[in-house]
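My structure is below; once you've seen it, I'll send some questions.
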Amino acid sequence: MKTFKLGGVHPPENKLSAEAAIETIALPKQVTVPLGQHLGAPATAIVKKGDMVKVGQQIAKATGFISANIHSPVSGKVFKIDNVYDSSGYRKPSIIINVEGDEWVDTIDRSTDIDANIKLSAKEITDKINEMGVVGLGGATFPSFVKLMVPDGKKVDYLIINGVECEPYLTSDHRLMLERGEEMLIGVSILMKGLNTNKALIGIEDNKKDAIEDLKRLAQKFKGIEVHPLKVQYPQGGEKQLIQALTGREVPSGKLPLEVGCVVNNVGTALAIYEAVQKNKPLFERVVTVTGKSVKKPSNFLARIGTPIKELIEAAQGLPEDTGKIINGGPMMGKALLNTDVPVVKGTSGILIMPEKESKRNEASNCIRCAKCVEACPMGLEPVLLSKTSKLELFEKVEAERVMDCIECGSCSYTCPANIPLLDYIRYGKNKVGGIIRDRSKK
Amino acid sequence: MSLLTISASPHVHGDNSTKKIMWGVVYALIPALLVSVYYFGLDALRVVFIAVAASIFFEWLIQKYLLNGSETISDGSAVITGILLAFNVPSNLPWWIIVIGALVAIGMGKMSYGGLGKNPFNPALVGRVFMLISFPVQMTSWPKAQPIINGITDAITGPTALGIMKEGLDAGKTVSEITANIPSNMDLFIGNMGGSMGEVSAIALILGGVYMLWKKIITWHIPVSILLTVAIFSGIFHFINPEHYVCPIFHLLTGGMLLGAIFMATDMVSSPMTSKAQLVYGIGIGLITVIIRIWGAYPEGMSFAILLMNAGVPLLNNAFKPTRFGKEVKHG
Amino acid sequence: MNEVILYSVGSLGTLAIVAAIILYFVAQKFKVFEDPRIDDVEEILPSANCGGCGYAGCRAFAEALVKAGTMEGFNCPVGGSDVMVDVGKALGLEAEIAEPQIAVVRCNGTVDNSPAKVKYDGISSCAAAATIYSGEGGCSFGCLGLGDCEESCDFDAIHVNPKTMIPEVTNNCVACNACVIACPKDIIELRNVGKKERRIFVSCINEEKGAPAKKNCSVACIACSKCFNVCPFDAIEMKNNRAYIDYEKCKLCRKCVAVCPTDAIHEINFPLKKIKPAADKAAPKKVATETKVDLTANLVTEQKKEVVKKEAPKNAAADAKKEENKKA
């Protein structure tokens, strides 16, 4: 079975919500839409306090090239534009809307029939995706239209679709592939047209055998789309690892996948692109998994952006008594949240509730130089060396040991027998070295 | 509900732990321990007991009063040092020498560098070499193997098979003349030979090695590279002059070869981190051991070879970096 | 026996003489001329090699100073004006007398004032923690209490108080700037030590509006501007929802300390004021949690009462600081 070559670990999968069909949850009374929910510059609000908005109406426009538009997920009145805590732990500017009814703008096609006829040209597709505010839904939230703008001289050999979902506990992509597979594949064809390529490879981890079968069957209707099962190994879904597993090509250090003729998109993004291009629907809702060992009803919810997390937890039958940590994302790369008032944003793939007894880190002891971290690193780095030199603040050496290649997957900390928080120090070193590199390029 | 915890990712941890690794090595040493008790009787147990107790005691003492740190004896590494130290000495060694050896091994070989994980040299070997050089007579009169099923009798001492071979060759005798006076290859394999407790049974040691490979405590690189190098290097000389150079099987089965290759050289703290570096490390140990055995003054070269290569580990780590992902790109 | 000694002494002695001659010629050939005044200046400097002057160690400072030929822009904060005057004498130049400074921690978000709303579990580094969350108390400008400042200090002058989780500066501080750079939230500032070592500063750098700031920390600056209005020397500036006292303009009159409704302004090393008996019965907490800013005419009488009430807790704080400085 195909897989990436270096390193990797296999945390327990715990896909507790894999059987839970996607549910739409009730609209909240108030939504908080952060302006900076994508990579790049935060958007600029184009509504003000007191304005009435409808679902799908644009409420913020992109600032600069790497940025995205934001559309209202609800209909109602803009309450205020203020700083609110988001998942970063800091207060960021957001638009707060009081919900009244559920009125959509009439440009959106709300019919549920599947439209496989792609009428737009490649350039129109790129513009439409930009207009509809579609960003990468795998978690990185990179504005998707930028990936479609292939510079002259570069050619896309493969469009790679990431259906891997290698993080434990998360199942939103899995359910999307099962329940809306055909629409997602049309989204893939739209992307193929936009990129001017005729080969698409969909990678799915082998623990989702039903999705693999379904998609293989559906893909026969489409030209050029292949479905490949991949070994269950973390981080199979990392962009560079996925490209190597499916095509054998290695993206060089510091470069984009386009260097090796590939563009990677998440299955959720492909579906959002289908909705944007075929149904004129901007991105304002997404599937969020709510899961955890103590959660009474692990579920996958279709939630509007801006919904406070506590509404989703209530819909999963409440916050368990023994909650110790609430994580936005999966257990390997997710961020711990301060409280449940934080809103759902475009990059929220799941909410993981960890019981108290699993929330405390074990005590760190001396490094025994076992090199398990070196074995586990999927980028071929030496986490023990990066961690020690970051701690000693020898940033020249940290940079020379290629810390900027680190994808922060967490495999090293996961596998360390001495419970050393390797990734914490490496992240610190990466931040500092990133700053040094930026200063250097300014001079 | 108590306060939520905030910490950085990852939020889960695998089930590796230092304790598991250390105790796994201890379990792997049990077959060899049982065989040595069979051949050397209760003396074997006495030596092991004294060595382990002394190692644990000294580590606890130094950690608590000199380094002022939290207790570390429960992670099992002092137990391993004790057992390996015991395996390297004759089973009739006086108790006070064992205690001194443990003090040097733990105090100088491990704690003086800061404790577990910070020592460049294998602590058990540091202790053993110290004892060998300081108490050469007691450290080289090895009891003969006397299976306890034959009844418990007084120990008869004498040089090991390796010692006999070395003396004989230096005196000018040929290999075939000497071979008559030493145990057969099969005897060497199962352990019916004189020597230290850890030298005797090849099969028990190999069993322990397989257990550690299965539990992923060690990888094949170091043991295989050491043994292959020894076999090939000594094989070349044996091929050239069979009467002056012993056959490779003899080298592989005698002395601390298997104990060193499987348990001592693979000590994680003092061995290199990447597989390529480990192969070079093993080749180096193999070469040096054979050179000392054939041309050096000592009959046994393993301990010195490992210590010498331990000194080269930082260089090896620097020279053999792991394969990086993505081709090298020159940054502007 | 004598022969052995003779030969040993003779051969080693000859070797030594030959080596000495070779070394002499090599030293002469490769000699680097250095201004001897650099050595003189280096002798006077305190040899702390802390970098507070902006140069890589005392020798580098001495070299730069002698090369520059002027004392303008050169100051050794550790040695202070005494050392600079001596250096000036050695070089025959006029020394600039700089006002002595001390590091000031501008946050009072202790565990009591800003109770923890989450538990932090991670490495003890403020710089790393700042990237994952804003702080246990909820204020994103406040001190994290993990001690990067304490680690960076070469003079044992700043320590995180384990009871309050806020760093405290002692008199050992020489204003070398290390802690200012180490703090990822820019909480520490170098301010003038002040006449008789007295100084006044706003112990809060929160840039949030009053209501959210107060929600997280009971002694936050809510930018009510009372201090700004009352200062007779125009020393206070209201910017970004907080007050800032300019230490050059401040004349230590303490009017601002009296009017601050949240006790955000701190006065250091002032003598105790006589406490009226009625004031003891006052409940200090009531004043601190007063959120409504009432700018009506009755304020004058209200203020006077507040001034008296606040002496009790204020002096306790000043006392504690005095004790700290005495001990140091």
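Every chain is named by a letter (A, B and C) in the order it is written, and numbering of its residues begins at 1.
Criterion: a contact is a pair of C-beta atoms (placed from the backbone, for glycine too) under 8 Å apart; a residue touches a chain by one contact, two chains touch by 3 or more.
Treat the numbers as computed from the prediction; the structure is a model and nothing was measured.
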Chain pair showing more contacts of the two, A-C and B-C: A-C
From chain A, the most remote chain by mean C-alpha position: B
Chain A and chain B, separation of their C-alpha mean positions in angstrom: 50
Whole-Å gap between the CA centroids of chain A and chain C: 43
Mean-CA-position distance for chain C and chain B (Å): 55
Per-residue overlap in chain B, given as positions that touch at least 2 other chains: 2, 4-8
Shared interface positions of chain A, touching two or more other chains: 89, 335-336, 338-339, 359-361, 421, 424, 427
Per-residue overlap in chain C, given as positions that touch at least 2 other chains: 117-118, 121-122, 128, 132-133
Contact set on chain B toward chain C in their complex: 2-8
Residues of chain B that touch chain A when the two form their complex: 1-2, 4-14, 16-18, 20-21, 72, 75, 77, 115-118, 268-269, 271, 273-274, 321-329, 331
Touch list for chain C against partner chain B, complex: 116-122, 128, 132-133
Contact footprint of chain B on chain A as seen in their complex: 6, 9, 11, 89, 168, 240, 244, 250-255, 319, 321-327, 329, 331-339, 352, 354, 356, 358-362, 365-372, 374, 377-382, 384, 402, 405, 408, 410, 413-419, 421, 423-424, 427
Residues of chain A defined as touching chain C within the complex: 83, 85, 89-91, 335-336, 338-339, 359-361, 421, 424-425, 427-428, 431
